[in-house]
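Next come two complexes built around chain A: one with chain B, the other with chain C.
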Partner chain A sequence: MRAWKFGPGHWFILPTMVLLCMLVLYPVASTIFLSFTDASGKWVGGQNYTETLSEPSTKRVILNTLYYVGGSVVLQLGIGVLAGILMNQKFRGRSVVRSLMLIPWIIPGIVAAMTWAWMFHTDYGIINYALTSAGIIPGPIGWLTNPNTVMPALIAVNAWKMFPFVALMVLAGLQSVPDELYEAARIDGANFLHEVWHIMLPQLRPVLVAVTLLLVIWGLDGITIIYSMTGGGPAGRSMIFPIQIYAEAFEFFQFNRAAALSVVYFLMIVLLIAVYIRVFAKAEVE
Partner chain B sequence: MQTLTRDSNGGKMFGFGVAGGGQDQPGNTLFRTLPLMWMNGGGILSEDNQSVLVNSPESVAAIEMYTGFFKDGYAPPSTLENDGLALRRLFAAENIAIIQGSQAEYLLIKGDNPDLDIGVATLPHPEGKQPASILGGWNWIVPAQAPNKAETLKFLAFLSSPENIGFYTNTFPAVQSAFEQERHQNPELRGFRDMLQYARPQPPLANWSQMTQAYFESFQEALLGQPVQEAMDAAASRIQPLIGK
Partner chain C sequence: MAIKNNSGRIWLALPLLVLLIISVVPFLWMAVSSLKSLRQLYSVPPQWLPDPATFSNYSKVLFESNIPRYFLNSTIISVGSTALALCFAIFAAYGFARFNFKGKVWAQSFVLVGQMLPTATIIVPLYFVLSYFKLINTYLGLILVYLVLTLPLSVWMLTGYFKSIPRELEEAAIIDGASRLSILFKINLPLIVPGIVAVVLYSFVATWNEFVFALAFATDRSMKTLPIGLAEFSSEVDTDWGAIMAASFIMTVPIALIFLALQRLFVGGVMSGATKG
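Entry: the complex of A and B
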């Protein structure tokens, strides 16, 4: 058995570990403790958990969160991969298009959300104006107020905001694919679609696995778009878990219930990411 | 309301502004609907705050009337996006003919559109019943353990004197006696002053914000088409467990 020895390496990482303990471990431990107490600090066991989880709105909030994150990631990946592949082709003005493509990602989230909220506005939004003027829809649609359209509209905004990041990663991944692969495929009679399916996508797999994980994490903890565009409405139809936690804590001042929801959400995220890593990242190693 | 809802200046003018959504919620909807419930004998809670009234026939009738403006097409299609600020802007832009508002909003509208010919009327009430309005604003709070409590209380007593309350506001003093000051004799604000005698505060309950959120979500359900009684029954079932907690 090897004796554990405190060496120079440990000294080097000590400041980081102390900082991590202060900024991560302590808040997590404090939140867990808060979730088992009441406002006066008295131990209440699992009461905060049973109360919050038995709320009829909690099921809807979980489903909304999964729908929002799932829909956003699928759309972000789909559009991002397409854009990345297109940006990898040789055409006139490619540098300009590549730069312009980054704009949605660069714009601050709150600015983008407020701009889209105005564009989606039922009475004065440019989207309804364009669609009604062109005769595509007979009258204005309440994009952000109709229960059937609010989530797709928010997912579309989230996809628009983040697809340039995916495209950029895909572009970087494609530039490392050796030309010999394409040349060999062309000799065998492959067309562009064959190249995409049999060369680009398999070669991009490691990039896409990492990017998807990042998109899922950002989707799960992102509140800017929904909070500023709908606030979770109408009637809770776009309420997602992080906004519900925020409302419990800072609108209702129910910090213990908010802590219980945070712990549940944290466990859900850990589980989701653990499964993802086990399935995809492991397959990648193999 | 039918006459007021019409085509106007190449756009559409709507008769009434309903606060059904937007950022400043649930407060904006509460301030506009709670007086309607009160003056009809209803409310969200009873006067002793011990029972839920939001699904009583009186409250439901009041909410049916208010949401009816939207369902009947007298309020803009964007109603579920409109909070108090949006309604004020739509009114100043002459897209809405009538809004409920405060004295502060009246003066802001005059500033936004000085040419607009506007008037103030007190909120109508059901025949044979009392008018009602709601008190809003902020409170001065001195923590019990504050280090300079005595001095702070002395300073607040100074600020709260009718002369200073009347002097340090641009619109409306929070003390009735300050209305005697010359600068508060604006006849255009008379209607707001008249309603003060019928004003009621919101219940001082720790869970009030949760209750109003539950009410607001059910109110939006009613705007989305759910029968008002059904929506308010759902609100009542969420509010009931919060009483006394």
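Entry: the complex of A and C
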């Protein structure tokens, strides 16, 4: 083993490392510490955890978060892959269509949330108008105030916001598929759907594995859409982890319980990612 | 892979049209709604195009609301944090790309973890740190915490760009006795200008849209950023949808301009990041 020597490489990364220790490492350590103490700094063991975990609202927050992230990712992947494959076809005006399709992804999250909140408006929203006049629903639905529709509505907005990103990635992935594969398939008499199923999707697998991980992480970190559209309501039906942590800390000033929630949330994410990597990335290596 | 026969064309055109409508209509509806008076907004059946169009929502947002102030705050904080992250990231990325040293793998993993850490999990301790240094409700406070978003990403991306420059370019300069710093600034930096532009764009967009930190650390009316200001607009009892749509449009303009000007680079950056994996 070499002796420890502080070389030029260390000097170059030192300022950034110091900053990141202050902004990431210390806060993480501090969160863990705070979760085991009370407001006066006294050690209370697992009390914050038993208190927060025994509350029925916490269980609902966990389920809501999983529902929101799971639903969003499935929709984002479904629409995104479809859009990416379509964009990979040759047709007139393709570059224009491509640019226009990126609009949802480019506009700020809060703007998307406000626009959809207006479109979901119970009395004057364009969605209720379109659906009632087409006869699909008998009367206006309070999309964001009805406990049964609020999560699907929010998931739809999140899927709308992010599917262009998936489409871009799929497009990039498809462009590296060698033409010989298609030619060989066509000689074997494959039609378009065969090509999608037997060539495109298998070739896209590595891209999709990476993209899914990103989508999960972003979904878990996403607060803008839900906070600004429903604030977690009605009656906590759309409350997800990040908003609950924020509320616990800055609305109820229960900093230590917020810290305990943060740790639980963090462990949940680590668990999710670990399982995901074990299942998918490992298969990828093989 | 092109679809040649006519029935195939329809199967391509139909889903494309649906996708296009889904992508574009909400944005158009926002733009159209921002030009309507309240009476036009609250009409059933909806009035498709504003008749007559009115700019009263825009004048309300620009002259009677706090939005211009939020716009200024967002700009200062985004530009500040982007610039600061770039300064630090150039050195760190160069260090990662050009040197082998002990602990490098650990340091790089740490940067990656920092990038992936959900921001909500560290708002409580960051709040305490900022209050200790009296940085709550200050530009500097938000600029610093936004480094959590911008710094790891900038380091990660720039490392890739530095690595793409052949070492041979530097070796000649080293033989000539140039210092490491002058090699970095005179030889490497000019070559990674596209990378720097991409990093600046990403950082700017990420901070411009950031929500959780701004919500927790900028509570004073004079310090709030645009996303928070917009969200509050809608939680008021009597929601003024025309004004919200106008403010939304205004907030989208800088991002849209950046994107239009540099679309190739923006999309290309994402793609190369994806395929390098």
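Here, the second predicted complex is superposed on the first by the 270 of 286 C-alpha atoms of A that agree within 3 Å, B and C clash if a C-alpha of one lies under 4 Å from a C-alpha of the other, contacts with A are read in each partner's own complex, and residues count from 1 in each chain.
Following the convention adopted for this analysis, a residue touches a chain if its C-beta (ideal position, glycine included) is under 8 Å from a C-beta of that chain, and two chains touch if they have at least 3 such contacts.
Since we're looking at a predicted model, the values are computed, not measured.
Asks: Which partner chains sit in contact with A:82 here, chain B, chain C, both or neither? Use first/second/both/neither.
Replies: Second partner only.
Asks: Can you tell me whether chain B or chain C touches more residues on chain A?
Replies: Comparing touch counts on chain A for chain B and chain C gives C.
Asks: Applying the document's definition of touch, where does A:135 land relative to chain B and chain C: first, second, both, or neither?
Replies: A:135: touches no partner chain.
Asks: Touch test for A:17: chain B only (first), chain C only (second), both, or neither?
Replies: In the superposed model, A:17 contacts chain C only, not chain B.
Asks: Of the partners chain B and chain C, which touch A:169 in the superposed model: first, second, both, neither?
Replies: It touches chain C, and chain B stays clear.
Asks: Given the touch rule stated above, what does A:144 touch, chain B (first), chain C (second), both, or neither?
Replies: Only chain B; A:144 stays clear of chain C.
Asks: Check the residue A:231 against both partner chains and state whether it touches chain B (first), chain C (second), both, or neither.
Replies: The answer is both, since A:231 touches chain B and chain C.
Asks: Would you sort A:121 into first (chain B), second (chain C), both or neither based on which partner it touches?
Replies: Both partners.
Asks: Give one of first, second, both or neither to describe whether A:266 is in contact with chain B, with chain C, with both, or with none.
Replies: second
Asks: For A:252 in the superposed arrangement: first (chain B), second (chain C), both or neither?
Replies: A:252 sits against chain B, while chain C stays out of touch.
Asks: Both chain B and chain C touch chain A; at which residues?
Replies: Residues common to the chain A contacts of chain C and of chain B are 121, 123-124, 231, listed in rising order.
Asks: Residues of chain C touching chain A in their complex?
Replies: Contacts found on chain C: 1-3, 8, 12-13, 15-16, 19-20, 22-24, 26-27, 29-30, 33, 41-46, 88-89, 91-92, 94-96, 98-104, 107, 110-111, 113-114, 116-129, 144-145, 147-148, 151-152, 155, 180, 208-209, 211-212, 215-216, 226-227, 230-231, 233-235, 241, 244-245, 248, 251-252, 255-256, 259, 263, 267, 270-271, 274-275, 277.
Asks: Within their complex, state which residues of chain A touch chain B.
Replies: 56, 121-124, 139-140, 142, 144-145, 147, 231, 233-236, 247, 251-254
Asks: Along chain B, where are the residues that touch chain A in the complex?
Replies: 21, 23, 25, 76-81, 95, 206-207, 209-210, 213, 217-218, 220-221, 223-224, 238
Asks: Which chain A residues qualify as touching chain C in the complex?
Replies: 2, 4-5, 7-13, 15-17, 19-20, 22-28, 30-31, 34, 79, 82-83, 86, 88-91, 97, 99-104, 106-119, 121, 123-124, 126, 129, 133, 160, 164-165, 168-169, 171-173, 176, 182, 192, 195, 206-207, 210-211, 217, 220-221, 223-224, 227-228, 231, 241-242, 245-246, 249-250, 255, 258-259, 262-263, 265-266, 269
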